[in-house]
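One structure is given here, and the rest of the page talks about it.
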Amino acid sequence: MSVELGRLVSQLNSYLRVSDFKEGAINGLQVAGKKQVKKIAFAVDGVLETIEKAVAEDADVLIVHHGIYWGFQYPLRGADYKRVKLLMDHEMALYAVHLPLDAHAEVGHNVNLLKGLGVAPESLEPFGDYKGMPIGFAGKFSRALGRDTVTEKLAALLGGPVQLLPFGPDKVRSVACITGQGADFASVREAKMRGIHYYISGEATHPLYHFAQEQGMSVALGGHYRTEVFGLHALREYLGKNYEIETVFIDCPTGM
Amino acid sequence: MSVELGRLVSQLNSYLRVSDFKEGAINGLQVAGKKQVKKIAFAVDGVLETIEKAVAEDADVLIVHHGIYWGFQYPLRGADYKRVKLLMDHEMALYAVHLPLDAHAEVGHNVNLLKGLGVAPESLEPFGDYKGMPIGFAGKFSRALGRDTVTEKLAALLGGPVQLLPFGPDKVRSVACITGQGADFASVREAKMRGIHYYISGEATHPLYHFAQEQGMSVALGGHYRTEVFGLHALREYLGKNYEIETVFIDCPTGM
Amino acid sequence: MSVELGRLVSQLNSYLRVSDFKEGAINGLQVAGKKQVKKIAFAVDGVLETIEKAVAEDADVLIVHHGIYWGFQYPLRGADYKRVKLLMDHEMALYAVHLPLDAHAEVGHNVNLLKGLGVAPESLEPFGDYKGMPIGFAGKFSRALGRDTVTEKLAALLGGPVQLLPFGPDKVRSVACITGQGADFASVREAKMRGIHYYISGEATHPLYHFAQEQGMSVALGGHYRTEVFGLHALREYLGKNYEIETVFIDCPTGM
Amino acid sequence: MSVELGRLVSQLNSYLRVSDFKEGAINGLQVAGKKQVKKIAFAVDGVLETIEKAVAEDADVLIVHHGIYWGFQYPLRGADYKRVKLLMDHEMALYAVHLPLDAHAEVGHNVNLLKGLGVAPESLEPFGDYKGMPIGFAGKFSRALGRDTVTEKLAALLGGPVQLLPFGPDKVRSVACITGQGADFASVREAKMRGIHYYISGEATHPLYHFAQEQGMSVALGGHYRTEVFGLHALREYLGKNYEIETVFIDCPTGM
Amino acid sequence: MSVELGRLVSQLNSYLRVSDFKEGAINGLQVAGKKQVKKIAFAVDGVLETIEKAVAEDADVLIVHHGIYWGFQYPLRGADYKRVKLLMDHEMALYAVHLPLDAHAEVGHNVNLLKGLGVAPESLEPFGDYKGMPIGFAGKFSRALGRDTVTEKLAALLGGPVQLLPFGPDKVRSVACITGQGADFASVREAKMRGIHYYISGEATHPLYHFAQEQGMSVALGGHYRTEVFGLHALREYLGKNYEIETVFIDCPTGM
Amino acid sequence: MSVELGRLVSQLNSYLRVSDFKEGAINGLQVAGKKQVKKIAFAVDGVLETIEKAVAEDADVLIVHHGIYWGFQYPLRGADYKRVKLLMDHEMALYAVHLPLDAHAEVGHNVNLLKGLGVAPESLEPFGDYKGMPIGFAGKFSRALGRDTVTEKLAALLGGPVQLLPFGPDKVRSVACITGQGADFASVREAKMRGIHYYISGEATHPLYHFAQEQGMSVALGGHYRTEVFGLHALREYLGKNYEIETVFIDCPTGM
């Protein structure tokens, strides 16, 4: 079974609502490839390491959350050269979807992480803001859980350690999540104003510690990488169903 | 023994070269206080927790690396209100010094961390750039050390774990350092161009992992907080000598 | 009788439509205060002189047209320190409402000044523009008055001298008003285009003289301070009615 | 006696250091005119009223402090049309010099006002800043005078009333001046830091009242127009001497 | 027969939808003139040469596509002085209409050029974009023509040579046009995406050659001047019908 | 004979003073290539057509005046993909030098065009400005020539037609040149002020016609392409001498 690259790209662009988001990154086809797609690889990062593995898997398209265009030009030298050369040598296309994959209501990182954690699906609502678009989600457990219980469930879901800034209430009913680098002052302030008990993200920087403390908000940091595999797994499942095509997930955790 | 606040502030401003740096943060006296200063407290962060401890220590001035003005106005409500109220209730002044304390050649974070690590003092040279001013330092060991040896020494110096992105050479002679949140693409690229073998900072975000990997640079992350106590200890010692005044360091580690 | 500060603030924010206006100044609660409000003071300017008088009046909240945040940060030193310290020492809250008080259709400066002058209330219409929001009002007398008559009535209403740039028609039926520093070229041009005979503001600068002359528009300048007490009196009356709470107006004219 | 317009303009541009100043206004020849110049008129404002009087005086060039170009384009309609048409009908050139006439060390407004007030000429130093260029002057009386004495002398010099914000010391030795609309926070702050006792300008707006009060600075406002005739009188004298040409000053006070 | 200038201007502004377009150029009356208009001249460019000819024709208004205000101020010297002086000496008004005349559905350059070329009027649709407004048109021939046939018809219509970048299909059914300097990358890309076979403009610069080649688009360049007479002829006809007033077209081709 | 790519690039960067120019385009190595360079191709434009010919010539580096990076990012699709793929498939490097090749005093377009025209080499001086750097040259013939003679010589030198805007003096002694798209208002104005008789560029747009006419300046337009081969021929000769390496010039004229 195979699908034409042009058709795949235009259906992905439409399904992921790629044109709704304004950001520096290019969302969509970043590097063209061969016409017929038989196998799609998925990875968090579009870097040498994952491209090499996708080549080894004989994939025709690599779909990533972090692509190679972030708002500015650069010459094709060094690793930048090698990435593109490897793609071109194998006519492997690179498709990137950044904020639209945070925000998506079906295959997004945030909805799928929260569902995996046991949040009631019907309680899920958009959360956060990037230039006018929500990119996260908030929801409720069907009953309040202990804060440590939530943290343990999260660690189990992510398959790795969670750093908790433990400044919110002991009992957790409502949670919000923006995966990756989503733990900034604005998000914690919005969480506070919306009565969230427990805010989940991937990573944060030092100033957030005291801000969370002074706001009285629990912030759980599960790792940028580990919180951003959810959307790729979900998108893989979605495309697998729709195209009956071969797919593979390439796992390159960074520990960050 | 005591010193007049006005005199202390103007000597600090001059010694730390506060007016040489253009940044959003206000460097210098952020909140006024009582006229005579008998005791000075030092802390990395100017937050409720450290202000409360400085009050308990009966300090007249609190000198911090991270103050309360970062380039924009905000109303005095919630924790922002409490911080200022606590300071004013005890007429405790708040003096903040951000980039000038990264960059300082005598009491700066970077020079003191590198010296503590065993880098040859005469080899130290400015490194990095913030709007035209270098804010870090680079230097050389008197002889090459194993990469793991350097990492162990760093962990011992910092008194805590170091996360190493181990992509540079096994033997380390030249190192560079920008403490805190100083591990960005530009710094790693500069390190590469200047032949640095091992780059030290406090914290980094996920995209740096693959960038360091593709550049072939070792990046050691010792924690934002733990890498930024050096300048405050050094400044405390400097002021202690000059004013024969009581001083205290307030330790509130964040684990970040 | 008393009202909770949080409730007072959120009702004021809503009644005054504080979030409809984009400006540098912070509209709303600028400095927090004690929880229960028994007495509210009103003043044009939130400055040392008025804060001292509000303290003498034992007020719990000071509501002003000109607050202490105008779009940029500043350190708390000198008079800036004293203002905040005085407020905090007495746990007196500071609430500021700038453009929303110019523009308000019930308690605004402009509608109340024009009504006081005898303009027919049913003729009042929004006038002027600040980033897409009208901030003044225009209206009609029920019959035309002599220009000097209008000026005399205005002086009587304001309780002080009026400087008239007497370049419009002798008979005045339609007037427009933007209090304070509202006499710029754009307003005079709009007045001209809308057939206004007499434009009222608080103060103007030199270039307006010849502009008014060349446009053939009468401009009456009644003083920044004296034209901007109207909204505060009206708001005081409104809150007095709604909360049965003690109120006081603090008069500190500047002669400007 | 006559002078060629081209030669006059290029000598004025050079003498007044027109190219040293970056501002919205065009400094130099704003509207061309007839080749030979026999009579020059001087006025504060380049407006219909002064152009008409210059025509009545049969002047060939009108030199003004406030010209007709302030940084943006506008169509030639209404009064804007009439001004240019009147100039062109009489082939009268319009030469404008704005900030360079504030700042000039010989024929500037500020030096000549301060000398007229009795400030010791050898004590005069640049004061104030506009985008990196000083535009005012500061100086000292040979001995301290009473504040009211200075105000009376200023009123006599200007030939009109002076509004005094009387918040500085009773005895005045050092004064600073930026004529016209030169009384802003930055100038008063600089005056305070340089130990000035008495600051002179033309006009100010309401917020300056409390700022001057809180800074403890006396601010004397003598009128925008009346403080800005000095440079034109001085330039007239200078040109009269250099070219033996007929000159006339056109007085159109605005009371502002 | 005559028409009042004010009425003519306001009807033109409305008919041409002048206020719908945001651009640097002033659209509308750029220079005022005598009250009664008996004769209107039309020209592509509002320059000395055309103003002189309009004077010779004794016109009261000159309507142009390219006026004298393009977004910035300039002093009235040299040719800039002469243009305005000539207009004012004869009280001839200057009315300019730039983008609104490209975009107009009845009297616009593009619709009239395309109709002249034989494109089916009912097929015409807006094309191109300038800050959110379409300024060109696209349409279809009733049957496909040979590319050379289209080029010959275009040359005949324009009365001069056409430079063809012959990179599109041999058979042409659909064409698009933005006259003047309308051949940029965005327009060619839009043409490609909309299935256009042949794109017409006035002039292009060198980089377009290879872009057109690589996109496979035929681009026909008929001259900036020659493609922009169409709207003026159509507007002349429209005004002639509506006002029964004398009109004249002033032809000053530039060969560009 | 061969040269290492790294050494070639760093010597070119230094010789061409690539880092002195701030522009959107990337000057220097835009796409990496094989390590050893045996043959260098030169072309005006780095486009599919020239890359294909360089491949046919078996070149290892293609040096162009117009590269593929102009200040913004774009995805690698369509022709953008093909260009890079062709380069990478043959490991051919792409080196681009834009403004530095206009401005260069030895191998620049402008000096070499002017020398070819017979201008006295010792009279050559920098001309024009791009963000603070001159990018053209001006010079003098040893004696005045007729304007038509100069135009004929230019046409002969360029090997193609020259469009002359014939508005300057009949006798030409001093000429200036900015090749390519260098004929804007600022350049013509500078030429006028510096007493130039004849200004040479590659192409201009319609508004320049009347501007040149009103300024009284002759402007000769010899084609963007044809005026920008000079620097590439000169650079080819320079490199041929220095490296004894094979070189080839790839001629793809655009007629523009």
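For reference, chains read A, B, C, D, E and F in written order, and residue numbers begin at 1 within each chain.
Just so it is clear, contacts are C-beta pairs under 8 Å (C-beta built on N, C-alpha and C of every residue); 3 or more make two chains touch, one makes a residue touch a chain.
Note that the structure is a prediction, hence the values are computed from the model and not measured.
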item: Partner chains that chain D and chain F have in common; value: E
item: Longest centre-to-centre distance from chain C, chain (CA-based); value: F
item: Chain A-chain B separation of Cα centroids, rounded to whole Å; value: 33
item: Length of the line joining the C-alpha centres of chain C and chain E, rounded to whole Å; value: 50
item: Whole-Å gap separating chain A and chain D, where each centre is the average of the chain's CA atoms; value: 62
item: Multi-chain contact sites of chain A, meaning residues that touch two or more partners; value: 78
item: Arrangement of touching chains [line / ring / star / complete / other]; value: ring
item: Chain C partner contacts - residues on chain D that touch it in the complex; value: 45, 47-49, 66, 78-79, 82, 163, 180-181, 202-210, 213-215, 224-225, 254-256
item: Chain A contact footprint on chain F (complex, rising order); value: 26, 28-32, 69-73, 75-78, 81, 84-85, 88-89
